[in-house]
Amino acid sequence: MPYVNIKITNEDVTKEQKLALIKGATQLLVDVLGKNPATTVVVIDEVETDNWGIGGECVTQLRKQK
Amino acid sequence: MPYVNIKITNEDVTKEQKLALIKGATQLLVDVLGKNPATTVVVIDEVETDNWGIGGECVTQLRKQK
Amino acid sequence: MPYVNIKITNEDVTKEQKLALIKGATQLLVDVLGKNPATTVVVIDEVETDNWGIGGECVTQLRKQK
Amino acid sequence: MPYVNIKITNEDVTKEQKLALIKGATQLLVDVLGKNPATTVVVIDEVETDNWGIGGECVTQLRKQK
Amino acid sequence: MPYVNIKITNEDVTKEQKLALIKGATQLLVDVLGKNPATTVVVIDEVETDNWGIGGECVTQLRKQK
Amino acid sequence: MPYVNIKITNEDVTKEQKLALIKGATQLLVDVLGKNPATTVVVIDEVETDNWGIGGECVTQLRKQK
């Protein structure tokens, strides 16, 4: 029954990577808490880099500085 | 003042269906708790089927299996 | 598969009222979008009135003014 | 370490306005609670006006009435 | 920079189990997407069983039926 | 109409500090986007330090190391 929400920046994440996140998060809940995978929900939010801030800067800027 | 967030998969939900969700959720808070509809907020998130997992599978796959 | 999150202030909501919110929100998703109730999740968050603000005031204050 | 999520309607918000929200929210946590800005995260969600309801109406309708 | 929110029912989860969830979710983001663990945030919400519904029933009831 | 959610660790935040967060976040939305403060909602979540992880450690541990 757990619900896991993963928020990441929208930077070319593939379908395979998303599936790996879904499988990994579901397995984590099974392994640590014995939860039923059939009712474990994982939702991935991909956030534009203009809309994600850390340290008072947006990620779009931070990526350019690198 | 309540805040309701409805997360559903992005699968051709119409404007009329969204409005029905907004009206229904608002009325539910009025009926059950006597909340003021004028300040009841409903936000609907439509999530891509690649980004929604249940049972360790993503919904895109589950839809194909049917 | 939908996920509904209802945030309300923590003001003596009874177990029966919470169940009515759960049943009502689940039925709404069935009625409007034909979702499967068995995998429809509803989570209610009760927020302290000191922690909920509207119009730049916290609800604790607003309740006293009435 | 704080996490701030700002949900607004998707109505032509500029990159500069988003950055001002990120900077302002980060500074607020520094000023009020002495939090470390380097690990303060701000995520802005822009929600379609069809998907945002208040008072049992969606914002798309409310904007037309004005 | 990812943000992971894990919502589970409040049923005697230990400090060690919570730490295992935090470590596991952080490692998942490192393994799948190469994210920096130093800025990966995990927040666990423990929700009362009266406040969690699935299939139109609250978990408190479901636990009793077993 | 904006909705702001501020998640912080539960570490003796006072009622006055919470009110300052509510007022500051509301004013930010007024200043940057011209939003109506009367319908701007701010919800503060205080999360136990055992339940907040960063860098694969929980905040309870990080506080002890300092």
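Letters A, B, C, D, E and F mark the chains in the order given here, with residues in each chain numbered from 1 onward.
By definition in this document, a contact is a pair of C-beta atoms (placed from the backbone, for glycine too) under 8 Å apart; a residue touches a chain by one contact, two chains touch by 3 or more.
Here the structure is a predicted model, which is why all the values come from computation and not from measurement.
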- prompt: Can you name the chains that touch chain A as well as chain D?
  reply: B, E
Message: Using the touch definition from the top, how many steps at minimum link chain C to chain D?
response: 2
- prompt: Can you spot which of B-F, B-D or D-F is a repeat of the A-D interface, where more than half the contact pairs line up?
  reply: B-D
Statement: In terms of mean CA position, the chain most removed from chain C is A
- request: With chain centres taken as the means of their Cα atoms, state the distance from chain C to chain E in Å.
  value: 20
- prompt: Just how far, in Å, is the C-alpha centre of chain C from the one of chain A?
  reply: 25
- request: Scan chain F for residues touching two or more other chains and write them down.
  value: 1, 3, 7, 21, 25, 39, 41, 43, 52, 54
Query: Viewed as a graph of touching chains, is the assembly arranged as a line, ring, star, complete set, or other?
result: other
Field: Chains grouped in pairs wherever the two touch, ordered by label
entry: A-B, A-C, A-D, A-E, B-C, B-D, B-F, C-E, C-F, D-E, D-F, E-F
- line: Given the complex, residues on chain F that touch chain B span 1, 3, 39, 41, 43
Query: For chain E, which residues are in contact with chain A within the complex?
result: 1-9, 13, 17, 20-21, 24-25, 28-29, 31-33, 35, 39, 52, 54, 59
Statement: In their shared complex, chain B is touched by residues of chain A numbered 15, 18-19, 21-23, 25-27, 37-46
Field: In the complex, chain F residues that touch chain E
entry: 7, 47, 50-58, 60
